[in-house]
Every structure is written in C-alpha cells, then in structure tokens.
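Here's the structure, in structure tokens; my notes come after.
The letters A, B and C name the chains in turn, as written, and every chain counts its residues from 1.
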Amino acid sequence: MQELIIKTKKRQEVIDITNKVNDIVKKSKIKEGLCFLYIPHATAAITINENADPNLCLDFLDALNKLIPQGIWKHDKIDNNADAHIKSAIIGPSEVIPIKNSKLLLGTWQGLMICEFDGPRERRVIVEVK
Amino acid sequence: MQELIIKTKKRQEVIDITNKVNDIVKKSKIKEGLCFLYIPHATAAITINENADPNLCLDFLDALNKLIPQGIWKHDKIDNNADAHIKSAIIGPSEVIPIKNSKLLLGTWQGLMICEFDGPRERRVIVEVK
Amino acid sequence: MQELIIKTKKRQEVIDITNKVNDIVKKSKIKEGLCFLYIPHATAAITINENADPNLCLDFLDALNKLIPQGIWKHDKIDNNADAHIKSAIIGPSEVIPIKNSKLLLGTWQGLMICEFDGPRERRVIVEVK
C-alpha cells in the first residue's frame, strides 16, 4: 500500500495525479492488474475527467456549485462546509482502474484527479496495486 | 463473501454500517488488503460521508431531493419511485475501501453508509475482504 | 483482461451489457469472486439501474440533462460536449460487482449499463474477473 500527499491551494480545485500514480504503478513492476485508489477525507473525492482543456475542470466545479450551493444547509450552522461533504458523497472517494503494460489503462482523454472541495488542505491518497 | 442485512425504517434514510463492516474485517484476520462493498438493490446505494453531525445525512438527502424530485418521471406511472432509481444510479452500489491494521482505512470524519431511497425495506449488503 | 466493444447509436443512450458481461464471467470459470468494469472514455460512464422498464433509462438521461444542460460551459467553445464530460465525471467510469455461482450478483431489478453521453461512437469496456 502506497500513499501520495497532495497539498491543495484553493477552497475548490481539481488536481491531476495521473503521472504520480503511474510512477507508483511502474515501480510496483506489475504489468497487468488493477490500481485501487482511495481518498480518506470527507470533503474531497476522486474523479476521472478530461485533462487536455483546463477549463473543463472549472466547468465541473461550476456545475457542482450550481447544483449544491454553499451556505444553505443544516450542517453549515456548525461548520460552513456542508456543500463540500455533499459533493464528496456524490463523486465518491474510490476508483478502480485496470493496469496494462505497467501503466494505468486510461482512455486518450482521461486523467485521474482528486477533487478538493474544502481546501486549502493537505490530502492523502491511498494507492494499492494488485 | 459475507452478507449484512439492514432493515430500513423510512422512505429515505442514510444508515451508518461502519462498525458492522469493521466487525467482518476483524473476523477475516486480514491485516492489510481491500474491502469491497456491494448493495444488490436498484433503489439503494452505498456512500461515504461524515458521520459526526447527523444533520449532514439529512442535508445529503435534502440536496438529492432538490435535484431529483419525486413524481415527475415517466417511470412514476408504473411505480412511483423513479426518483429513488435515479438517485441510486448516481450514487452507485459499490465502494472499495483499503484495510490497514485489520480496520477500514477511513478518514477521521468518514463513515460508511447505505442510502435507502425507497424504504422501508430489508436491504442486503455484500462484503468481500481480500 | 477482456474487452467488450459497444457501438452506440445516439448522442445519449443507456445500453444494458449485463448478458455480455455474464458471458465473460461464465467463460472465466470463476464461481465466486469479483468483476471489475472500466470504460476508458471521458464522455461515457458505467452505471447500474433498473432494466425492466425502458422508460427509467430515459428518466435517468432526462434528469442528468435537467441538472447539466448542454452548451453553457467554458469547454463548449472548443468542443461542444462539456455536459458529456461533466456527466461522465459524476457517474464514474468504474464498477465492482461480486460474482456468485458463476454470475454477477446483481439484485433482481439491477442491470449493468454503459452510459453514452456524446455518441454515436464505438466504446470499449474493460472487464476483469478475479
């Protein structure tokens, strides 16, 4: 089991971790198998999205903010981040990606990303290659 | 392969099953590995969310009801639960969580939960530890 | 590692692949285990939903279109499919389903489906049985 540490810089951010995870896959020497990812945080998530146009990550955050605005929820009376929790629960903390030729078998336009919904914070990503 | 039976009590409900799944993990005697969860029901789902403030689960259901209201869908002419099916398809029936030191490697604020979207019913959760 | 090729016919479509995946599971001769699915495309996704009433798949697409309309995003200036990318990121490209008695352990009303959000295209689905 490996671990990545990612420092986020904004309240909301999508950060591409494809290269970092591919480095772990390469070092594992597993040519064909599965890569399991898990983010142990209740206001972050893991997603897979196009990484060629950076505007698409902004569109993704924009869409989620339109659907789940900040500051209108019961939990906001305790801690003003209910929107971040709800977004995390919808997007989800885990992903499983096949490995082929010692690399993540991602599509041409797919990038592996973490979603920060309540940063800036230091986030851990658990990576298991089997 | 293990199975949990959870009896839900309301139409919509989020129920924490972290302790029940940790008991299965402990009994498996697997110290480090992966826990696979699957809910074989088309109007329920598995999610991971904060479990400290119970209001957050109400906020989560409230958000989903704002986004996907009941009673406006084609399927509702047959069975008045299209909203439950759509919510289940979005949240998803499966989750994979790493195991470390014979426990689910959840974040401090993460709880493992089933979502009931069309209860009350008896729900099964399949748990596989590897 | 197996691969399915699915030709989609519309811009948006939900296609049941349960039987095709069950054929792969049967041929693998694995009686009990896990089936991992992954779609390597940034404008498609994998979901599990009721397959008895075809209207439900239309309701699902209708709900997503209400939440994430086409043509209002930054990325649409480059390629008019931002809505497809956002929907894919929310629904997700992977699913893990238990296998029992050489079959997917799906619920009575659950079908395994791919979501086409920017077709018609030829789509690959990676299937790993363990």
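Just so we're on the same page, a residue touches a chain if its C-beta (ideal position, glycine included) is under 8 Å from a C-beta of that chain, and two chains touch if they have at least 3 such contacts.
Bear in mind that the values here come from a model prediction, so they are computed numbers and not experimental data.
Novice: Can you tell me the C-alpha superposition angle of chain A onto chain C, nearest 5°?
Specialist: 120
Novice: Could you check if the interface between copies chain A and chain B is built from the same residues on both sides, meaning over half shared, or from different ones?
Specialist: Chain A and chain B contact each other through largely non-matching residue numbers.
Novice: Report the inter-chain centroid distance for chain A and chain B in whole angstrom, where each centroid is the mean of the CA atoms.
Specialist: Centre-to-centre distance between chain A and chain B: 20 Å.
Novice: Please list all residues of chain C that touch 2 or more other chains.
Specialist: In chain C, 67, 90, 92, 96 touch at least two other chains.
Novice: Any idea which chain B residues touch chain C in the complex?
Specialist: Residues of chain B touching chain C: 1, 36, 38-43, 67-68, 73-75, 78-79, 82, 85-86, 88-90, 92-94, 96, 126, 128, 130.
Novice: Mind listing the chain A positions that touch chain C in their complex?
Specialist: Residue positions touching the partner: 32, 34, 47-50, 53, 55-56, 58-60, 62-63, 67, 90-92, 95-98, 100, 105-107, 109-110.
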